[in-house]
Every structure is written in structure tokens, then in C-alpha cells.
């Protein structure tokens, strides 16, 4: 079902890096939005993207002062997310922000008064993935009875470069946070206990920088629902993104996507095409669905489905994971 | 690997019906093309599409006379394809034509001198489907040794309305023609024998109109390769589009695509999401790939990969199928 | 659901070769049967099997004269099947005979008066395979509406030794005959047309001996149901044994069995264990089910589910396939 | 590869209940063993089984005093396992014992001097399952590089009757113990940390009896390998028995087995036959492989592959799970 829009509303992109290069073009191509400005401290990034989509390179102040701008996409570096979001919200814009809001839970808490009721959409991509949305719809429709437990698999294909680690926030705040939000969304109940255990098995350099690369996290909700999160920084077989949800009447699962449907049978067995290699490919549909949702928000048709509160809670859970690993004990809320 | 283009070349769409509503928008959104004109005898179709993509409604003559127009997309009704193609070729345009060129083999033969060397791309969508392209790449790479036989499954989800039948050309020219072209592409050898058998099992009305709705066709090539084509007008389970290619060293197959990866396990078994319901969904990627190829042709970067000769040969094979059913005998070339 | 028997009835095995080495032990281990005698002109074959199962080596006359023998398993060479069956039937025994009854249709026809009403079970293994039985149950239960067409895949893993060809009866009588019987069983209607096309692609030696190794056969029934049979002597990927049945409401299929459920995901893709390599493994369950059925027959609890008439009809169809290939035309009944 | 034996050695079965009814017949049908005696305090159980396999009902003393008895199968109730094992070992017999040795870790520890070097095979069925054996072989062969983590799924189809709970030992000692042994076998390293969390979601009666029915357990090894165990007493979709093993070079997984390969495609989707419903069906092959191994032990061809030490360690881990749930903390070794 395609969205139709009577008019087009201008939006601006802040940050023309890795995520901006996904969301900027999606906004530019969206039938209800026009990409008017690109803001980036690296001029060449900004102008490359602006040129390709007939947008202007601009400074943040100019963007926020322009009353034609209905929405702002915050794709700057993580340490700038909060400042940019606060400024855009203060300027009355609808805001789309890449996760996380910030790596510092206290700063995020402090922004509560300003952001709790803002038109702020936090871009947790899994919530918009068509496969995971279909899974949740089945769970909600009672296809497997009352939900009892979850298994979330989130394995990155290959370890990030060592330089990425120091500013990443660590495995839990950078990576597991997706699963923590997914778990909150699916479990639909307060999480009362977090236990995480982790190792450095992929790359000793990650360990030297004080981080881990392989983890398992256990969550428990108020009514006793259980959730396992499986994470690794390097799968060796592509980007493994799966959910299994177990209920009183069965299981509903969402599997991986392969690059194509081709498989080859020989004496060595039946070999299918590898699963999609990374988030760009795997969540391309989710990123488009995010922009569809943000367009609805910009056009005033709905409130953001996921915003400040989700960002806060996922970060708090990620911090609990860190604490659990540090203390070797479960953290209870 | 995205295509990049230094400039944008204008194209025109002739026919804003079912197929034009796919190819027109794909051209309009293509980074190397601009949809300048829409031509349709039904004004409202033309203006609806033109409005949505900032194009003009125009008459055919105007389009062909405009030197800025580099390419023409012929998506008119089948009985007009050939006239439109000939006119556009005569005007020096690169031409994209929906299959078939015409239902009358003699007319197509007669157009040979004009079209054989023209920049004419015939839009056999299966040749551009990423899954089938991947399968052919495996076959060509020798993944299963020397190719020996093929099984092509092409089952429509639901019977067309009875009003469609009289002008359709019949099952073989309208529907099997896709598989006949696919077979030629994959078998890569002259086909020397055709035997087809058919029934009317889906809808007696189709039979009353002199057509069939269920068929199996056997092809044999010069070196003895065998190919089965399985067709039905109504599968009852979606749009079944599969290939199995058997070689001296194994099998390579391309399977169906489901709407999503979700599956539900209960006491009743494990149920996956239905396969895609029709060509719009199943070949969306193929249609985009067709436009990518046509853009290359319009920009003068390559010759059409599939053109007049393929259209002629597939039609001749479809006519042989008709003859085989009528006579109850194989047709040999 | 296990069979229980109050008493055990003695049976004899004629022929301790390849098939006898399957059926003899199955009879010996069956709770309702005891393998009393083994007959084989090659003494060492007979005694090897007899020793392993506490049976006696005996001559055919002795076996048929022994009133304790309730059933006879005819697993001799094909050219002796008919003689042994006729003798055992004349002696009042229940008879289990490996397919085919004979390669000569006239001889089989001539045996009609003696065998048509005999307690003769012809061991078409596919009819007893639990997977194919489950498929037929779904079809019969209307899971896919009214049956319209079938696709039978029967690909041998590797070509037989050249010495096998001269006495085999050729591809159709030796190999396709299984599918022809399967088609009759599933189509459940008179077959009115047979067209077969064939090549020698696997081994030129097979061609030099006047046989083919790759074939496709098309059957049509009285009401217009269509069936494709796909055969090759060498798949290169194991023993490919599949059925697809298409009806007015969908498709029911039976797939291949792998050696185990293990699969490995690496950057090269997802590789499953090869499908079972040959009939010994693939039809082990079918062979046990055959013996279960024969035990019921020997104990007088039921008539053979498949006997003379099925053997005659399948052979007649195989001969029609041969004729079709020879004449290049369909054969109509 | 079938085992061959020059002679047959007599064995006795102690306990003709649920597990005895599996192992007794397997022993009776084994080419290297003869079931001579059946011992059971419920005479009718013993005689039913003995009659069916030509064995004698006997008292334990008689069995142990009979020098012809080479092996004893202990399938009595759990609280008698240890007594029966000790007596049989003392009598010089090779012993096959159903898991667990006992529910009381201290008692098992105390039996160490007598059993550590005994010819005692503890029947952890998963270790003999052909699919899991194939998975381990791939891991050992380095198919996925260095092993890093495991996910074990062990979901019972339906909750046991409430009367079963009090003597079961609880979820961890009764059920998870299988996974704990499986984890030890696959991880191939000392486990240094156990954390378990559990709920009663399936049946409140289980909770009233002080047990849990849904649990997740996390194990960590000395080198940092991680293992998740997922357990529930009621899946609602059959007996879910899966392993995923993740290594530096990919994943190797063993999936579920369906009752047959049939699947049905309709507008509602593609539905496969349910997975096997319980341990009788799922581990039928494992039980036969257990008997093959025990026959080797009885014939003196090898030492038991899994014995006292494995039983002790798995029980100690199960007790650690209990302790972890009770204290809400991980248990470290």
C-alpha cells in the first residue's frame, strides 16, 4: 500500500556519513519529502550528497531558522546526537535521530523534560524491518498463544576496525542496544532482571581496548518471560539476524535472507547463496520503512512510534548489561 | 554496484496501462533517464502518470519529432506494439518494447529488415530477474558441469478474466512465450523439436473461447538437451516461478520468494508465508534491472541484450506449441 | 502403529542377489514371518544369507512342496521372475515379486489368466514409501482440491555399468516403469496419451548399446490431467526422488531426504548434507513397509494392494514410451 | 557400516518400564547380543517383554550370578539406578545405565571409587544421535574454525503429568541434564560459570510443587566459550531438538526432523509436516546407536565412550543450575 501525499515537505540532513548516506537519499526519493539541506562539518561529504539530490549545503543555524523545514534527520556522530536533537526540537522541527541518543545515560535522562513529548523518532531499524514487523503481527494476533520467551540472534559479519571501539560505547551500548529495544518491543512487559556474560574471542585488540566481542544476555520480565540475546562481532557467515518467539501454542520465527534463491546440488551437498552480508543490504527495507514513518510524522499524520522513552530504556538496559559483566551478577530493577 | 551517469537523457512512454505503470515510474526514477512525455489514447491514464512524475502528456508525433528524446518505451496494447516500435526506430530512437512484438509471426518476420539491427530491447523480464541471472551465471561458470536438461515452472496465481482471452493470443503466445525465451537463453543451442500437450482444467469458459489453461511443453535441442515447461493459469498458491537446471555435475535451482521470512510452528506443522502473489511483486527487481539495461542502451554504452531476434524466435516456438497441440504431434525444425 | 501377529508363518526367498539381500533380511526380521528357505543358483549367495538368518538353503521344488511355506519372495533375475511367480502361485503360495514381472509384454499378457486373481504382490517400492504415501493421503483428502497435474523426478545418482544395459530392458522398462506405476497410482484415471523424448547425454556407451540415459515423458489422462516424468541415469548429486502434485487449490510436494539435518554456514553459503545416495538408503522404509504389507497378505488379512494388473499396465506404458521414442510421435490408447 | 559379531553374548534388562521397553527390544534385536533375562518388580511388565523376545523373567540375584551374562541394562526407576549399577559392576558385568546415575550428587560422588574405572556406559542419548554426531564431526574437523559458542534448544512437546514432578529431581536434573552433558561434550573445556534463570509459565501446578517449567541457562568455559541452553516443558509444536555451534569461521547447525518430507502450498502459505512429537521418535536412531556401542563394550572391543565421570559432572552442573536459580546468582567453579 503506497503512501500518497498532497504536498511535499522540506527536510534537512545533519551528518552525511555512513548513516546519512542511507537516510538522506531515502528522504530525497520519498514522495512526501524533499531533501533541501545537507549539513556536515566535512564539506566534501555534504556537497557530494547535496549535489546528487539537488539539495544545498548549509549550516545548522540556517537549517533550523528556515520555516519551510518540517523535519530534521540527525545522522551526525553519536557524541553530537543529543545536541542536534535538542536544537532541532527547540526549533519546532520533527526529528529523526539515529540511535543512540547518547552513550551517557545521565545526559539522556537530563534531556527527558525537553524530549519526552517531542516529535522525536528514534531510528531503531529492527522495529521497521518488514520481517520482524510481520513476526510481531503474528505474535500479537495470538498465532502462538501467550508469549513466553524469545531468542534474538544478532551477529555482525566481521569485527569493526580497532579504531572504532574507543568511541563506540562498547558492545552493549553500540550493538546489543538494538536487541534490547527489540526485546522491549516484543516482550511488551517491564524487564526486571538482566544478566550478561561476555568474552573476547574474535580479536584480542578489542579486549585490549577494554571491550568484549562475544556476549549472551538474559532478560526476565515481570511475569517471568525470558529472553536470550546472542551477539558476536564476527559471524564468519554474513549478518545473522533472527528472532524466535515461543508461546503457549507454538513458535514463530523470522529467518535470514539470502542474496538470491539459487542453490546448487552436487555430491558435496546442497549449497544456498550466502545470507546478506551486512546491515546495508539486510535492513534496506527497514530504512525505507523508517522514512515512510518519518514522513507521516512530518506531515502530522501520526506521532513517532518509537522515541525518547525507548531510547532511554534501551540505553539503561545496555548499561545494566555492562554492569552485569563488570560485577559478574544479574542486575535487577 | 550502482550505475552512475554524467547526464540525464529524456525518454517517452507510449501506453500508460498495466505495464506502462511499471516501466514509466521506473524510467522517471532512474538516475540516467528523465520521463518527459506520456502518450496514451486514454487521456486520463496519461495525465495521471504524467502528473505524478512531472512529465507532459503528448501525441506520438510530437514525441518522435523531439530530438531530445533518446528512448521510447512501448507499453501500448499488443496489437499496436509493432507499429509503435517501427515508428520509433524509424525516428532514430532507442526502443524498449514490452513482449510480444506482435502475435502474428508473419508480421514479425516482415519487420525483420527494419528491426534486426535496430536498437530495440524486448522486455523479456525473466532474463533480468536477479535470481535467474544468478542461476545462469552458475550454469555458465560450470557449477554443474555441462548442461543437460531444464525444468521451468511458470504457474499464474489465478485465471485471467474471460474477456482477456480473445485478444491474448492464447496460452502459448501470451504466457509460455516467457518460458520459451528463457529456455532459449539457458539452453544456448538451437531447439529442434517442440511437443506440447494441453488441457482446459481451470475454467471451462477458457475452453469455450478456444484456449487452454494447463499445459506441458517439451523442447529438445540439437545436441539432445531436454527442457520441460510447466504452465497453468491458476496455481492456487501464488505465482510459482522456478527453474531447475541439470548438468553432468549436479543441479542448480532458483526457488520461489515468500513475502517475508516468517514461519510459524504449531501442532499443525511449520507454515511459511505464502510465495509472492503475482508478477508485480515477483519481478519488481527484474523490471528495475530492465530499466538499468535500457538506460545503458539509451546512453550508448551497450547494445540491447535481447531484441528482435529473441522476440521472433520465441514467437515461432509459441506458434509451434499451438501447432503441436492442434495436430497432436511434435513439431520439428 | 506396530503390527502384532499371533503366529509366525514361514516364507522362502528365491534369489539372494541385490534385491534378495534387502527383502530376505526384512522377512527374517519381521515379527509375523520366518525366513525358512533361501534358493539361489549361486550356492554361496544362498548360504551366506541363510547362515545369517538361521534359514536353510533349498531347491525350488522343495520349497514349493513344503506346506508350511505360506509365502514366496521372488527376487531372482528379471528373466526368471515370471516362471518363478507362476510356479509359486500354482503351488498355492502368496507371492511377493520384484518388479518387473517380465520385460516382454506379450508374455505378461499371456500370464493373465493365471495371475490376475492370484495372491501376487508386485513390489513397486514407491507405492510403499512413507513420504509418497503421505503425499497421496493429502491428495486424497483434498488438501489441494481436484488433482490436475503431476511432476515426478526420478534421477539415478550414477550411470549403471555398461554390462547392465543389454539385459535391463532399457531405460523405460527398467527405470521409468517405477514412475509410470506411480503416475497411474496418483492420477487415478486411465492414461490416454504417452509422449517420450530421450537422449544419450550421460555415457556414449549406453547409446552404442541402443539405449538412452536421459528422458522426459508426458502422460495425459482421460479427463485431461497431465504428468511429466523426468529421468536421468546420472544426477551427480545423489538419488533425486521427488513428487509435485498440483490441484485446483494448491500444490503438495514430497522432497528429498538428506543423510542428516546438519548444515554449515560460511562465507561460501549455507551447505546441507547431500541427499541420500541411492535406493538402498532412500527406500529402506519403503522396503520394510512392503514386507509389512506382504505379511498381512501371507496372514490372509488383506489382498495385495498392487499386483498383476499394475505390473501389466506399467509395462504397457513403458512399451508405449519406447514406441514413442522410436516413432517420434505420441502413442494414444 | 554394519557391525559384525562372531558370537552372541547374553544380556539382562533390569526395569521393563518406559526406557526398558526401548532398550530391551533393541538389545534383543541386536546381532551381537541376546536378551536372556528381564527383571522387574512388576511381574507383568517383565513377562510381557520377556515373552515377546524369548527371554526369561528372573530375579536380580539370579541374573548377576549367571556367568553367561556379559552385560546388564539398568532401566529401573531413578532412585534404584545406583544400587543396580553398583551390584552389576560388583558382579563383573558391563553395565548400561539410563541417565541419571542418581539425583543426589553426594551419593554419586561416594560411588566414585567403585565406578570411575568400571565398564559403565551412561546412556546420554544425545551423544549417540546421528545428527548431533555429524555436527560434532564437523566441528572437530574444523568446518567452522575454532568453536566459540553454542545454542542448545531442548523443548519438550507437552508438560509431564503433575505426579511426575515430585520424583523427577526438577527441571534441571531431569531434563536440562541432557543439555549440560551435550554442552560438556561439544565445548570440550572445563565449564567455569553457570547462570540459570527460570519461570513457571506452562502449568501453575508445576510451580506449586516447587519446580519450574521454562528456563534459560548460560555456561562459560575456561577460555571464554559461551553456551545457551533453552528449555521448556511444553513447546506446543513438537519435540524441538536443535544445536547451533558458532566458530571463528561460521556456524554449523543440526535442525529438527519432520515426520515426512511432504509440504502443502496453498494461499495460506507453505506448510510442512510437524516435527517429530517426542523422544521415542526423535531419538530412535540414537537408542539403536547406544546399543551398538554397548555391544562393542560387552564384546570387549572398546571402553564406554560416556560413563561415570560424565554422569557426575552433568549432575554437578544441574545442581549448580538449581543453586543459581535459588540464589539468583551465577555459580562459579
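We call the chains A, B, C and D, going by the order they appear; numbering starts again at 1 in every chain.
Everything that follows uses one rule, which is that contacts are C-beta pairs under 8 Å (C-beta built on N, C-alpha and C of every residue); 3 or more make two chains touch, one makes a residue touch a chain.
Fair warning: this is a prediction, and the values are worked out from it, not measured in the lab.
Novice: Average the CA atoms of each chain to get its centre, and name the chain whose centre is farthest from that of subunit A.
Specialist: Checked the centroid distances; the maximum from subunit A is C.
Novice: With contacts counted as defined, which of the two, A-D or C-D, has more C-beta pairs across the interface?
Specialist: Contact tally favours A-D.
Novice: Hey, how far is the Cα centre of subunit B from the one of subunit D, in Å?
Specialist: Subunit B and subunit D have C-alpha centres separated by 57 Å.
Novice: Any idea how many Å lie between the Cα centroids of subunit C and subunit D?
Specialist: Taking the average C-alpha coordinate of subunit C and of subunit D, the gap between them is 39 Å.
Novice: Would you mind listing the residues of subunit D that make contact with two or more other chains?
Specialist: In subunit D, 144, 236-237, 240, 249-251, 265-267, 273 touch at least two other chains.
Novice: Quick one: in the complex, what on subunit B touches subunit D?
Specialist: 236-238, 258, 265-275
Novice: How about subunit C: which of its residues touch subunit D in the complex?
Specialist: On the subunit C side, the touching residues are 29, 130-131, 134-135, 138, 143-144, 249-257, 259-267, 273.
Novice: In the complex formed with subunit C, which residues of subunit B make contact?
Specialist: 144-145, 148-149, 151, 155, 193, 195, 197-202, 214-216, 218, 220, 224-226, 228, 230, 232, 234-237, 240, 246-251, 328-330, 332
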